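Presented sequentially are two complexes of chain A, the first with chain B as partner and the second with chain C.
For the complex of A and B:
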């Protein structure tokens, strides 16, 4: 690099930084965009879950009567309630763990039902920040890619000083110019979103990425920084401690042999809903004893503030409130609101669609940038020596397998859910294997086929997988669209499939174009170099 | 704009300076801000950490925008006084 001006050095940085991180960023943005609808994908991937018409209180009563019948002796129950986005009711017993085995219940009747094991929409969510690698390697790689994204965005602002003018410029059907215009338009149009989503993504893991302040102020002791003794809480805790002590004594005094009935959950749910928003889970410790506790947790982030770990506790027998949810300190609140902006769990479906569309625009910006890199260099591949030519060849293949291949892999992942046998053990892991196998196949295919043909065949394959999704459901299930969420999801995949088909058709159309251009290039090389 | 010019050690030096020097500088800057803010430590922690994710990309831009490669490393050296400010209490403890 021998930069002679700021614009040139920034555009060098934008080109190469964008290329190196572009493939990774595309995968992160695409799976992240799909993860906006993770719960809906879950519902689609668990087609046995019945359509629920009951409210949460009724579902909770069903769950409690099931638990009393089958797990009366357990020391703790956990109930996951059906919510607006996910109509599934499930229970687990014993210590509350993330991967505890769960029993699914029909929320309408309380009868146990079998639901296929699946990795669900959660896979997209996890892949989006761990890349399915051992957790911290993936998190650091994604963080590095996010910094690369910010660098690319900042440098693009320096390169395109007149980007507002360029925003209104679109020259279709002009080859390289059109790719550049599309890259600029998608970049500028949702620039605030690109900046916001990348920055807030870094903020979520801020203390992993940048532990400087913890090291300087707390000698690296994260427990000390976030641990016990929040001043806003201590007063409440003291009062609560006194009450806890009292009720525990009462519990012991009565003897543990006899069963004490739990208070009805409905009024408690109403109270919790007022304080927390929609409730997701109810845990009951020591059910049947007089010192039983009921803890309610909200749906993750039903406000902008990301309310992880927020809860409200009631006494199990009297229904008295023991602990109100904590309020965040102002600085912590700032950080949680920023994280919440990334998670997009507030604002309901309109907000989800806004994030989804903006996320797709980000994907489009990254994809057009990657394609632009290769289109620019396709004209004179031998001009920069054999190593560069090899590099451009490789970039071309990687573009195909990252942009088209990942789309195939995501669609194939959904197909795997319907086609893998239901009794397969470790079924979720197999779904993930289908995803990676298809992705690897697409890379192999991209390496074997001629460039244009590889693009077209993979796009056609992605289109076919997406468009045929409803047929697949029709073939493998009895009433595939009983739950409207599943029908909407399939409509959306059909729409995506139509876009892939359109892209494949355009590539097919363009095929005769290069021949006359090659002739004209020989005639007027200078004219082209002037671009 | 001309694409890839020939590979050079100056470029490698800039890339290393950007990734590692930039991170070191950001780390030191964050620690210094956290130490100097007249806030309760738990608040200072967040207030100092949030700007880090803007500072780091900017240092990377600087590493490539700076006209001379040596100047890049010289500016990464600014991290040392910042580190001293940030870890002043630990430094005093180590000396005593």
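For the complex of A and C:
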């Protein structure tokens, strides 16, 4: 091989690194972008949940009275309150566990209601970093892809020679040149977001990817490294709670079962709101006993710092504050702010939309890059030998099934929520199966059809699924838009559908005959002269 | 908060338009004539000033911690919108901030 310049070798790295990780990155970015609205998708996928007309304090009172009536003997209650993003009120009992069965209540009346089982918007969130793979395989793959993304971003800075000169340049209808322009524009203009989201994504799992420092300095003890780490603490509390609960039940058995009334929650909620911001959940340990504890946790989005595990504790009977929320230590704060930047829970809906559209721009950047790879090699696929030709052929198919096919799968996942029978057991798992089945079908379709046909048909399919979402709701629900969040979500899918339809229409258009290479060079020369 | 948000969006978009017109090629594509050096320089200064004003609006909207994050997002997306609109409707892309102004003013008066 002849020695090549830095630009050439970086260009090679960018092309092949980008191609190999591009498909994976597109899937990660698209599901991550959708996960920005995970709670809203949850609300849409639980259409039985009624609109909440009451404030949190009233909903909490309803939940307490339900729990007193039905679960008075339990040692712990957990109430998840309706918030600005989600009107759902639910309770669970027993020691606090992630997957405890939840009972949904009507926040307006406190009556129990049945809500269909669903994997919800949480599926997009989980897929985004686990790829639906067991153990930590997915997390490692995603980490690898993120490093690949950083490599692609930094190499692009070296190979993009006219970074500022072509800052605002997009020349449509010029074939390969347009794809490159679009790739550059989405890459350059949204570069701060690309860098931030990729780097902070790695920071979230820094302890999985690089455990050495904490292992060496603190013997792997996260709590020692980062101050009172949350997971260890809840386990301790749970164990303690279990012990106390047992002794309490024994105490009751001896006949001293006098129930002590809980303090009203409203003033406590106000206090917690002042200290923490909007409250998401209330857990009560030992309800009915004189040493009852009330713990309130905020929603994640009241500050940039990811406030997972932040809480404020009150005495259950007197209502006095026992524990104010802790301040994070500097190292922990740094990690949590970086994670918070990635989780995008702060800044309300305007910020959420900025993150969503920036995420879409990232998807577009990756997609245009992938398409550009194949467009460049379409003219003379045989030039680099039969194996390369096979590879390019495969790349075309994968592009179709990753870019268009994944969009179909995401839309089909939402359709599955409405169309699968409500009484199906393991319903959430079936929704996920619908997602993967549609994705696999799209790959099959992409392999069977001619390239342009496959692109157009799959984009039309995605467009139809998105645009018809309101009709689906209308056909399957009685009052589909009673909760405005559902109406907004469907408006958004219609907008996405319009974009897919536009893309399909552009592919359907008769292209200008591809100019031979020499001529296109003349054209660009003319442009340069014109400058 | 919403008014500051949209004010910020309008300001940073206007800023990006000004920076864009500060480049010869784009000035020509909009006004069909060569810009003088003074014009280019004026546009660039105005562009940065407008971006700074947009920054102030973001701080007013989100505070000092979250404001810069929002500003970055707004600048990126305003730039992207401008780039996509420019080749199809160059005049509209440049004059869009002026069209947005009455909406913003009426919102301010109503608030």
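Quick note on the criterion: the second predicted complex is superposed on the first by the 466 of 531 C-alpha atoms of A that agree within 3 Å, B and C clash if a C-alpha of one lies under 4 Å from a C-alpha of the other, contacts with A are read in each partner's own complex, and residues count from 1 in each chain.
Basically, a residue touches a chain if its C-beta (ideal position, glycine included) is under 8 Å from a C-beta of that chain, and two chains touch if they have at least 3 such contacts.
What you see is a predicted model, and the numbers here were worked out from it, not measured in a lab.
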Here chain A is shared; do chain B and chain C fit on it together or clash? fit
Which partner chains sit in contact with A:189 here, chain B, chain C, both or neither? Use first/second/both/neither. second
For A:171, using the defined touch cut-off, is the partner it touches chain B, chain C, both, or neither? Pick first, second, both or neither. second
Once chain A of both complexes is superposed, is A:347 in touch with chain B (first), chain C (second), both, or neither? second
Per residue count on chain A, the busier partner among chain B and chain C is B
Tell me which partner A:502 touches in the superposition: chain B (first), chain C (second), both or neither. neither
Have a look at where A:217 lands relative to chain B and chain C in the superposition and call it first, second, both or neither. first
Tell me the angle subtended at the Cα centre of chain A by the Cα centres of chain B and chain C, rounded to the nearest 10 °. 90
Touch check for A:376: first (chain B), second (chain C), both, or neither? first
For the combined overlay, can you note the least CA distance between chain B and chain C, rounded to whole Å? 19
Enumerate the contact residues on chain C facing chain A in the complex. 1-2, 5, 16, 19-20, 23-26, 61-62, 65-66, 69-70, 72-74, 76-77, 79-80, 82-84, 86-88
Contact residues on chain A for chain B in the complex? 1-3, 6, 8-13, 15-16, 147, 150-151, 154-155, 158, 199, 202-203, 206-207, 209-210, 212-219, 225-226, 329-332, 334-335, 338, 376-377, 384, 388
Along chain A, where are the residues that touch chain C in the complex? 165, 167-172, 185-186, 189-193, 196, 303-304, 341, 346-348, 350-351, 354-355, 357-358, 361, 531
Note which residues of chain B are touching chain A in the complex, please. 1-5, 8, 10-11, 14, 26-35, 39, 41-50, 52-54, 56-58, 60-61, 64-65, 86-87, 90
